[in-house]
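Structures given as structure tokens follow.
Note that subunit A is present in both complexes that follow, paired respectively with subunit B and with subunit C.
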Partner chain A sequence: MSIALRELRRRPGRFVVATAIMTLIAILLMFIGGLLDGLTKGNTGAFRAQRADFLVFSATSQDSLVRSRIDTAVRARAERAPGVTAVGGLGSLQIGSRVPGHGPRDLVPVVLFGYELAPRGLPARPPARGEAYADDVLRSEGVRAGTVIRLGPQRTPIRVIGFVNDTEYSGQPTLWGSLGNWRAAQDANRPGSRVGPGVTQALVVRGGTPEAIDRATGATHTVDAAIRKLPGVSQQESVFNQIIGVTVVIAVVVVALFFALITVERVALYGVLKAIGASSGTLFAGVLLQAVLVTLAAGAVGAAAALALDAVIPPGGIPFTTSAGRLLASVAFLLVAAVIGCAFSLRRVLRVDPAAAIGGAQ
Partner chain B sequence: MTPALDMEAVRKVYKSGGEEVVALDHADLAVGSDEIVALVGPSGSGKTTLCSIAGGILAPTSGRVVVGGDDISGYSARELTEFRREKVGFVFQTVNLVPFLTARENLLVVDEVGRRTGRAARRRGDTLLEELGLADRANNLPGQLSGGQKQRVAIGRALMNDPVLVLFDEPTSALDTRLGEQVVGLIREEMKRRGTAAIIVTHDERITHHADRTAHITDGRIAA
Partner chain C sequence: MFLALREVRRAKARFGLLTAAIALLVFLILTQQAIQNGLLTAFVGAIERQSAPVLVYSTDGERTLQGSVIAPPLERRIRAVPGVAAAGRIGQSTFTVRVDDREDSDAAMIGYDRADLGAPDELSAGRLPRAPGEAVGSAADFSLGDRVRVQAERAQGDAGRALRVVGLARDAQLQVTPTLFVAWPDYVAAVEAANPDVKKVLPSALGVRPAPGVSAAALVRRVNDASEDADALTRADAARKSPGVAQVRRSFQVIFLLYGLVAPLVTGLFFLIITFQKSAALTLLRAIGARSAVLVRSLLVQVLLVMAGGLALGVALYAPLSQMTLGSITLRFDPGAVLFWSVLLLVLGLLSAVVAARRVLQIDPIEATTGGGAR
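Presenting the complex of A and B:
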């Protein structure tokens, strides 16, 4: 093992190419992972912020918040379901908005939510009519406390009275106000989709069992299940995970090729070491150690690059976010790739004949 | 005293292209516990095969091989690896030092590939370097050493595990006559000082006078 370490220290040039390629792969892996996390975060924040056990959609909505309509009768049944402790309505309106400082045609897409049960970071009592809390991302559009945002073709005014973090929905920043606010904006700007008094798009439910609530309403999901059913979230995750998988396979190939070449170069040296008593296991452990250290170095540089990127991207820019879990998972994937890649060298190490060290058999 | 090597009726047959090639044919060789034997023969005569079998690198097809009292004829590959680590030393034709390790570290490799003894191995390595006149070169890489110095480091490495038998494979083939003579003289001196047996495989008759005895091998047969 110490022989392998000394080679790394004294002949770093031999490992520069492999380390550089593995670093690029690590950066790519962490960038793709960060993009996936950023996109998922931007798509699902409004649901993740719900302090609830279940989200209920109408039975015919196909789990789409936009298509869902919950009337007062369904709500009453949900409230009577065994174990339910609180029920609140939820409504959303995706719409273009005019923000001061932007041109008249420079619309900022937002999602106005109306709520009754406060999501994380919002006061229990929804703001007064005409007021809302804004997602932090809107700061990058110049929105400040007191800014009046005008929604849709009717320029429905909403005054921002504060900010809330990590509540984006469908990649768009959100505004959080009362259900009355939402109904007024919906009725004014989407006259074809007017909602009657007491009607909401979804119910936020605390307590109860999914079976009981489902019997009462028709389409009940845990918050996590509702997140997975958001349009595109699962598909997006699947596509990105496939790209991550291919990247890991490329890492396997890089490690396999590099260490196969190094092993070929070392056949004579391994012959000598075997002749003086080194086992194949000892020699392979050295190869493995070198691959793991090269990968850890690449992973460290990749993680530093990902963190630096996350720090310099302004809010509302590229949907990119890093987390310790993602960075560690990426390094773990690369380590697995390194071990698998190295395994291809094992056979060659095993086949090294110590007899070659003394001129071969005659 | 237990002989360093006792080979009886050793036969080694290789398969080559469906045909059997006899590399050693009922070879007998005994080496005393502090004896130096020059094994001389032309290229392809089987001397390297004999050396490999005596050193536990190759297993014989038939016959009996006893090294330092241990019958290694039926050893498994794992047992032979351990045997090589504990009982024999090798000095290879092309020296074959690990190029990125210093002279001292090249000696300590023997300890690192086996059961590590740490401080004891370091002490032995330093003593050997001192005795071989390499104390001031201990931290030099092989590339910074002369041919003779490299050969001495290789001898030191072969002696690190305090072997019962050291096998020298053509130790002078890469050296000029004068240096070759010096190296073989050094081998004799070091082996005799330690009372360690050695086989020097060579095709150079000029150096055989340093050995206690010369064994000639031709077509896999030894004529003592």
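Presenting the complex of A and C:
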């Protein structure tokens, strides 16, 4: 074991390229994972922020917020469902907004939400007409408390009265106001999507059971299920995870290749060590230790690079985000790859014959 | 050459592992290239396929059909711009539909009031709609004769708008969703069926054709100068500048760059290590008269063999996968991408062997007598 550490200390050059390759693979894993997390975060924030048990869509909407229409009769049925303690309407409008200081063609895409049951970070009572809370991503566009944003072709004014975080939807920052605000902005700017009095796109429900609410409405989901049904969320997760999987397999092959070559180089040395009493287990543990240390070094540099990347990417550039969980998971994947890769060298270590070493036949 | 091949034969596991690593990298790069291309086509294919040479959105639409609304005053102003030979309404919405007796699914619908300004520019099968209730569908999602029912809001109490697919257009999806092209009255009827509260259906964009002697780019400038609320783009720009397209390209470019770096580094490291391991043998060969050029050539032959093997294996893995569809994304075998990445990785692989080749060139035959070659 100490020989393995000593070799790493005395001949670091031998491990530099392997560490560089593993670092690149670590960056790749962290970048791809960060992209997935960034995309998911930006698409799902508004739903994740809901303090509710269920989200209810209209039966023919395919769980699409934009297409869903819940009228007052459906809402009344949901409110009467056994166990339901609170029901609130939810509406959304994706629209271009004019922010002071931006050019006349430099619009900021936003999603205006109208709510009744407050999501996380918002006051229980929705803001007054013409006012809204803004997702703090909008700060990077120069929006401050008191800024008046004008929505859509009708320039519907909305005054920002505070901020809330992690509520992006469909990759866009959000504004949170009353249902009246939403309805007015929708009717004024999207005549093709106007809604009648009392109509909302979805219901946010606390209490009850999905079966009971479903009997009243037709499409009830837990918040987690509604998130998975958002367009593209589960598909992109599956594609990205497959890419991450193949990248881990590449890491296994790289580690296997590198340590197989190093082991071949050391066969004579291992023969001598075995001849003076070292066990195969000790020798393999040394190889494993080197692989783990190389991987940890690569993981550390990769994590630093991922954090630096996160810091330098401008808002709206690439949907990339880092989290401790993602970085640790990537390092864990690489460590598993390193251990599996090293196992390819085990057979050769076991086959080393000390007698041959003494005889100089290696 | 003989030595190079013999060494590969005798160390199958080592060279096999390297070839497998290269093959996996090639497979991943090509697969991701196919996903990127398929994703972009499914994202904005309908924009590229529609027939209007210039599309005019409202500035507030942020260059998306689903976000843009052309109000009547803006429509009048655009139609009056000098150089506009013809303009047609284009509407877009996404609906819940039922195709024949299958389960409900999503479909984007593009309505046009002039076939030469909004309908698909080319059909892979069938014909354009001639009668009410006919539609052209994206070829990846629909078949000729499909009966598509646009699901109406339940409160409406009717069964929704029925359409029959009479034509198919290749690569004509919008927002990664099955897409239908219909005449304007059918589009209006579908919107009204889905939302009983709608009072008036306005176009999402205008398709515009420039007058003779006016280029599409010149017309774009004139329309944009005429109103701050109009955002005119040529057809190609409308696809290229669609929100998300540049973001997807940038994200994939970073991934390609990283994979592109890993492949030559792995190859370079491998050949450097085995060159070190063979130092003694190479020194002996030099001492008995083998020229450096022969040894370097052997090294390069091995690099070529490994890279070619990895590329062939990677392409062989990619070929069947490229015939598949991922959800609504149609993957396609892209010979251009195969050629580009093969040449690039081959060149990078050969370049990566430079360090090992330098090591071979530095070998001094005299070391065979002093034991230095084994160092």
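Heads up, the rule we're going with is that the second predicted complex is superposed on the first by the 352 of 362 C-alpha atoms of A that agree within 3 Å, B and C clash if a C-alpha of one lies under 4 Å from a C-alpha of the other, contacts with A are read in each partner's own complex, and residues count from 1 in each chain.
Note that a residue touches a chain if its C-beta (ideal position, glycine included) is under 8 Å from a C-beta of that chain, and two chains touch if they have at least 3 such contacts.
Because the structure is predicted, anything quoted here is derived from the model rather than measured.
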In the overlaid three-chain picture, which partner chain does A:R190 touch, first (subunit B) or second (subunit C), both, or neither?
second
Identify the partner contact of A:T282: answer first if only subunit B is touched, second if only subunit C is, both if each is, neither if none is.
first
With the two complexes superposed on chain A, say which partner A:A268 touches: subunit B (first), subunit C (second), both, or neither.
first
Determine, under the contact definition given at the top, whether A:R10 touches first (subunit B), second (subunit C), both, or neither.
first
Can A:A86 be said to touch subunit B (first), subunit C (second), both, or neither?
neither
Going by the contact rule stated at the top, is it subunit B or subunit C that touches a larger number of residues on subunit A?
C
Touching A:A304 in the superposition: subunit B (first), subunit C (second), both, neither?
neither
After the superposition on A, what does A:L296 contact: first (subunit B), second (subunit C), both or neither?
neither
List the residues of subunit A that touch subunit B in one complex and subunit C in the other.
none
Would you pull the subunit A residues touching subunit C in the complex into a rising list?
17-18, 20-21, 24-25, 27-28, 31-32, 35, 58-62, 64, 66-67, 69, 71, 73, 94-96, 104-105, 107, 109, 152-153, 171, 189-196, 199, 218, 231-232, 235, 239, 243, 246-247, 249-250, 253-254, 256-258, 260-262, 264-265, 317-320, 344
Residues on subunit B engaged by subunit A in the complex (per definition of touch)
12, 14, 23, 43-49, 51-52, 55, 57-58, 78, 81-82, 84-86, 89-90, 92-93, 96, 98, 100-101, 105, 109-110, 112-114, 157, 161, 167, 169-170
Please output the residues of subunit A touching subunit B within their complex, sorted ascending.
1-3, 6-7, 10-11, 268-269, 272-279, 282, 354-355, 357-362
Subunit C contacts subunit A in the complex at 13-14, 17-18, 20-21, 24-25, 27-28, 32, 35, 58-62, 66-67, 69, 71, 74, 91, 93-96, 104-106, 151-155, 176, 191, 194-202, 228-229, 231, 243-244, 247, 250-251, 254-255, 258-259, 261-262, 265-266, 268-270, 272-274, 276-277, 326-327
